[in-house]
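Note that the chains take the letters A, B, C and D in the order they are written out, and that residue 1 is the start of every chain.
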Amino acid sequence: MSDKPILRYNANERTNHWLVAILFILAALSGLALFHPALFWLSHLFGGGPWTRILHPFMGVLMFVFFVGLVLRFWRANYFIANDRLWLKRIDRVMRNEEQGVPPIGKYNPGQKLLFWTLLLCMLVLLVSGVVIWRAYFSSYFTIDSIRLATLLHALAAFVLVLSIIVHIYAGIWIKGSLSAMLHGWVSRAWAKKHHELWYRQVTGDKPAEPPINKKG
Amino acid sequence: MASQDIIARSATTTPPSSIRQLEEVAKLIDTTKCIGCKACQVACSEWNELRDEVGHNHGTYDNPQDLSAESWTLMRFTEHETDDGNLEWLIRKDGCMHCADPGCLKACPSPGAIIQHANGIVDFNQDHCIGCGYCITGCPFNIPRISQKDHKAYKCTLCSDRVSVGLEPACVKTCPTGAIVFGSKQDMKEHAAERIVDLKSRGFDNAGLYDPDGVGGTHVMYVLHHADTPRLYAGLPDQPVISPLVGLWKGVSKPLALLAMGAAVLAGFFHYVRIGPQRVEEDEHPSPPDSSVQVVDPAVHVYDPNQPGGQGEQRP
Amino acid sequence: MTNHWTDIANANLILVMGGNAAEAHPCGFKWVTEAKAHNKARLIVVDPRFTRTASVADYYAPIRTGSDIAFMGGLINYLLSNDKIQHEYVRNYTDVSFIVKAGFGFEDGLFSGYDAAKRSYTDKSGWGYELDEDGFAKVDPTLQDPRCVYQLMKLHYSRYTAELASMICGMPQERMLKIWEEIATCSQPGKTMTILYALGWTQHSIGAQIIRSAAMVQLLLGNVGMPGGGVNALRGHSNIQGLTDLGLLSNSLPGYLTLPGDAEQDYDAYIAKRALKPLRPGQLSYWQNYGKFHVSLMKAWYGANASAENHWGYDWLPKLDIPGYDVLKMFDLMGQGKVNGYMCQGFNPIAALPDKNRVSAALSKLKWLVVMDPLATETSEFWRNVGPFNDVQSADIHTEVIRLPTTCFAEEDGSLVNSSRWLQWHWKGADGPGETRTDVRIMSELFLRLRKRYQAEGGAFAAPLLNLSWPYKVADEPSPEELARELNGNAVSDLTDASGATIKAGQQLSAFAQLKDDGSTASGCWIFCGSWTEQGNQMARRDNSDPFGMKQNLGWAWAWPANRRILYNRASADPQGKPWDPDKRLVWWNGKTWGGTDTPDYKADVPPEAGMNPFIMNPEGVARFFAVDKMAEGPFPEHYEPFETPIGINPLHPNNKQATSNPAGRIFDSVWDTLGQAKDFPYAATSYRLTEHFHFWSKHCKLNAIVQPEQFVEIGEVLAQEKGIVAGDRVRVSCKRGHIEAVAVVTKRIRPLQVNNQTVHQVGIPLHWGFTGSTRHGYLTNTLVPFLGDGNTQTPESKSFLVNVEKI
Amino acid sequence: MDLNRRQFFKVAAVGLGGSSLAALGMAPTPAFAEQVRHFKLARTIETRNTCPYCSVGCGLILYSQGDGGKNVAQNIIHIEGDADHPVNRGTLCPKGAGLLDFIHSPSRLQYPQVRKPGSSEWARVSWDEALDRIADLVKTDRDANFIEKNAQGQTVNRWLTTGFLAASAASSEAGYLTHKVIRSLGMLGFDNQARV
């Protein structure tokens, strides 16, 4: 088998991803500062409470805009396929780094796909509710009740988003090679075959290997 | 009464000093004595050095139209016809109620921007205010306003600066008919009781005191001719409570959420410790791509999961 | 006020009518609230609008503006025919038993002696009492004589049935009766009603008579001179009481002394005519001392130059060829080009006087106008074009205007007289802005310049200027203290008073009883004598204790006359000198002298059995139901329609056009064709003040501009519906004299009234806006007010006129 | 770049340390017993006065900045009701409560001005110019139109072609002096605001 690496993400994709990532960190930290007293000190990273209040919504909006970029690039790759259901059934094996009986999957595994759609949903909720509670410009157009609801939804969506991103980051740390893939774009054929076999075959045209007896990770 | 000890601070998880036993103060607004002269509005602005815009007449006596960062109190006029055809002009002084359980303080994310004094006064400290407007979201009476000049929240302070040196609030001092009175909350309740007896003798059978439990009672109370229907008075809430939405948002959900996030991080950490990373068994450091050999760029091989072959056949 | 602010707390019933105390005098209205709280008192409000006073009233009844005499006349009839009067009081302390001359008559709305051509009662000879040979009035204590005041009054008001009154006032009859019934309960001795009124009664062509009718009701109930009683004029401005006391009026001198007429060439006759002899045996008739007051005044003004030889400078006083050159008369003359110069000291006539356009035209005819004011008033800028609000051509106005900046209250010492007749001293808190100067300094500098010119170059009749006494230490700015001491008066030469005590020359007098007509005393205003004695400034006293719990506060400031807080207070005790009610005690006879919780308004050492009656300023010694010749329209108040009447006739005298509106009202020939008819201007309008503003001053204060920023008019819901007007629309309110535009406040508080079997809509027009100041610019409301007034006081009829209303 | 275990621990440790450091050092020090706004009248001068508006005659206290020292121009910064006054007992209506803005109103006149005939603006003049001008105008008109005797030859000594309206809020002392001066001129067109 050739050992020529495969380009998983091109430069624009990587840039886009990291822009979203950075903005997320900023929005999340500023958001968390306002989310719970115990984290209010984070506001000092942004030059104090008022600056945190001023910057947070802009960072959020920017994050959303770039995220839309990612969506346009990757939405087709995030359709669910037949194998995905089985993969999810066998998620426990995946977690144990076992490959026994874990079906091959496409460019993204169902976990990543779930993440993708969750992020999209959260981002939308955050944007809409965020506008409603944006005092400086928009709140005056909404009733106090809608503002109260929006505040709640905003916090909820943010919570889900943060949680998902924690999983996402850890996955990146856990699955060796994926971080570097997002850093300089290349993955080894072995990596691609191991983690995203269907995608691997598609991009390389290789035939499926004969059924392995067993594998260790 | 003059003490300004703080018994609650916004966004502060530890209790402030609260061992002193201080008497609570209260402002009692007797709508049945109020002539709607607006002296309290003027005295409030004069004392607090506020000058709102000179607005317009919108076909009513209400001016300014609504509370603002520069109008901390105002008269709301309602023409009410009783069932027996008598006309009543119900006039209510609107402003901060200084709740015992203040929704604004609960909602505020900035430590010390909203404080509750031992005597019951709920005060905003603009030095700490970050202008997020959560206090408005939290207030059951829709009182605080954000200034578009400095983006800070403002509302009635119950003249905490006057009270702290032993004076009554400016609106109380000025009220020509004694419709606004000030003293210990106990004394104010007794005064209200006397007023209610007098009102019943004048045919107001539903006269009563407005000191809603929903917010733990207030330090600004009303005597109403129609205590059975507070909403008659320009929509004074019948049963004010901190909105359940706000309760959910600011209540248990926050610590739980933090916990969950922390837990997620820890879960990852221990997963790494116990199960470890997934590696591909081959050289950990693939040789940098050499351009001489054919590389695969997905950009020219668009992956389509619906293409034949896309469905990898099952392994046994 | 016969009584005073805090005394209102002693009332059992408060009638607010012809006024809106809660809005115009909120801090005084506090004592109504106190009476309700601590006295279980009830509050009745009768007003064309449901006012903020009405919002805290126990009973409210709407009334058509200008129909108050019908209400009061009906009430008098109700009290007499239901025998709800304080008998002993009425019999002993009023003129009910006096026999009226045979010459007096009343027919078809006119009293005897009317001259239709002159529109006045030229022959008042019948309006008096039958006198006996000693010159005393004849009386019939049995009240049976058909010519006695009681019988004549009964007859006069028998026409005012509840039906008729309700038809004229547009007040539902059952409401009217309910209120009359409540009022009638105050005929019990000791149960008192107070009446609070203001411009809502005075600003009618029949204003003075409305107030008389109220006074008659109070006399029938025995409420005059009683704590919590009286007829209380809530004066408008902070020192308008003082300026009236000081006689700053065309025909007056300080202390209600009066200027002579042309015919009064003889000084002694002038005094004799005013020093009235008692009309009943044993009465005080205090005006017998007129000469002492007058001479003391002239000594204060002219010092050594006023002497017995020159009749104390009698000829230095101008004499009147007509009753008076009041402000209406002067502006009428001005309009005819007969006035060259005019000076306004803290007065804004273009906004305050009726018919702004007429006033503006008159001012344009002046050669010069001087305005002294702390603020930029409309009058000082009447020549400036301010769009629709003051649409004039500056170039066509050839009046030279000089505007002088004055200090305000906070920037000078001095005293003000409030409605309770209290003289209260105040102190300077800071210097005025820029080059502002006090009125005292401006008047002094002006006088000194004039005197210098007359000394240098002579001129017309310089004597009074040259002889005027000017003893002030700093000639061009006399100190308020010096002036206050001069007002009080001092001994010119050593003298001994009634008690035998000697007062050294130059010492301050302690009471007007010490005044003499031999030139040995000087007093700038006799009723103020006692305000600055040898003991110092009594007006600055600050003892607010109330030892008897009667709210009299005798130690606070100083009240004229003689620190009496309630006038006629002798009437609060029965003829034997015992208070009618132990809980309402003011003064009583302790066996040796009169005393009590107030200074007796009486001769302190006269025992009750002497039969001296309480109304010591009247030669009768008693109060008058029958006004004799004192009023322009007649001895008994009669209802006349406003000059602009929405019903066109006087239902009392439908067939006598002369008796439709006040036959003796003040109206100039040129004004008749500025009056509108109901067919063109169908709605009865009334103008008024709002609690957020004071006249045309507070619109210069941002704080007040904020709470009431823009001109509006109040329209009832029914009329608004007819006219398709909704709250917030702009409307045009027009009359024959002009129009204004304002925002419409549509309200349930003004209801259509059924008057004389037709529906009458009323329109409310507040008056605080103009074309200077911090509020949004507005039209001067008096653009709509007719240029006519009351026949006695010349007060304009600002409270009832006709308008039309259209949506713009 | 991949993290091995050791590296991962490092990252975690640094993150933790950093955050706790921030929590210690950078977190805002809770300001307890903070007086939100300090009482502004502590050392002002109090002057007793009377409300110039309606005739209730409410007692006022003027609070002015500065201790009356030679180098201070007292400036009134607050006005409040006089609690000792028997009638208002410290209360003030909306007009009285707004008096501070009367004293400091932008409409306050600062210096004498003249508007010449036909002109559409004011010209500033000195007090002497203004008062001399008025004295001349007054004397000219009085000398020209004073009536010593009427048609019947009776002594009347009146002057009708110039009128004077007196203030309604001027002190009695000012009113008295005004009356004294005006009557000495023989003026009859003299009135005050009692009616309106």
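Everything below uses one rule, namely that a contact is a pair of C-beta atoms (placed from the backbone, for glycine too) under 8 Å apart; a residue touches a chain by one contact, two chains touch by 3 or more.
Chain labels with UniProt names: A = Formate dehydrogenase subunit gamma; B = Formate dehydrogenase iron-sulfur subunit.
From a predicted model like this one, the values you see are computed outputs, not experimental measurements.
Of all the chains shown, the one with its CA centroid nearest the global CA centroid is D.
When the C-beta pairs in contact are tallied for B-C and for A-B, the bigger tally goes to A-B.
Measuring from the averaged C-alpha position of chain B to that of chain C gives a distance of 53 Å. As a whole-number value, the distance joining the C-alpha centres of chain A and chain B reads 35 Å. A separation of 28 Å divides the Cα centre of chain C from that of chain D.
Chain geometry summary: the mean Cα position of chain A and that of chain C are 85 Å apart.
Multi-chain contact residues of chain C (touching two or more other chains): 26-27, 30, 691-692, 702-704, 707, 774. Residues of chain D in contact with two or more other chains: 2, 8, 28, 79, 81, 88, 91-94, 96-98, 100-101.
Of all residues in chain A, those that touch two or more other chains are 40, 173, 176-177.
Only residues 32-39, 41-42, 45-46, 51-61, 63-64, 71, 79, 81, 87-89, 91, 176-178, 198, 201-202 of chain B touch chain C when the two sit together in their complex.
By the touch criterion given at the top, residues 22-23, 26-27, 29-30, 33-34, 36-37, 40, 50, 52-56, 58, 60, 691-692, 702-712, 726-729, 743-749, 774-776 of chain C touch chain B in their complex. By the touch rule above, chain A contacts chain B in their complex via residues 2-8, 10, 33-40, 43, 48-50, 52-53, 76-77, 79, 81-83, 95-97, 101, 103-104, 106-107, 133, 135-136, 139, 144-145, 147-149, 151-152, 155-156, 159, 162-163, 166-167, 169-170, 173-177, 186, 188, 190-191, 194-195, 197-199, 201-204, 208, 211-212, 217.
For chain B in complex with chain D, the residues that touch the partner chain are 4-6, 9, 12, 16-17, 37-39, 41-43, 46-47, 111-112, 115, 123-128, 157, 160-162, 164-165, 170, 173-176, 178, 269, 272-273, 276-277, 284. In the complex of the two chains, the chain D residues touching chain C come out as 45, 47-60, 62, 64, 73-76, 79, 81, 84-89, 91-103, 105-120, 122, 127, 130-139, 141-143, 145-146, 148, 150, 152, 154-181, 183-196.
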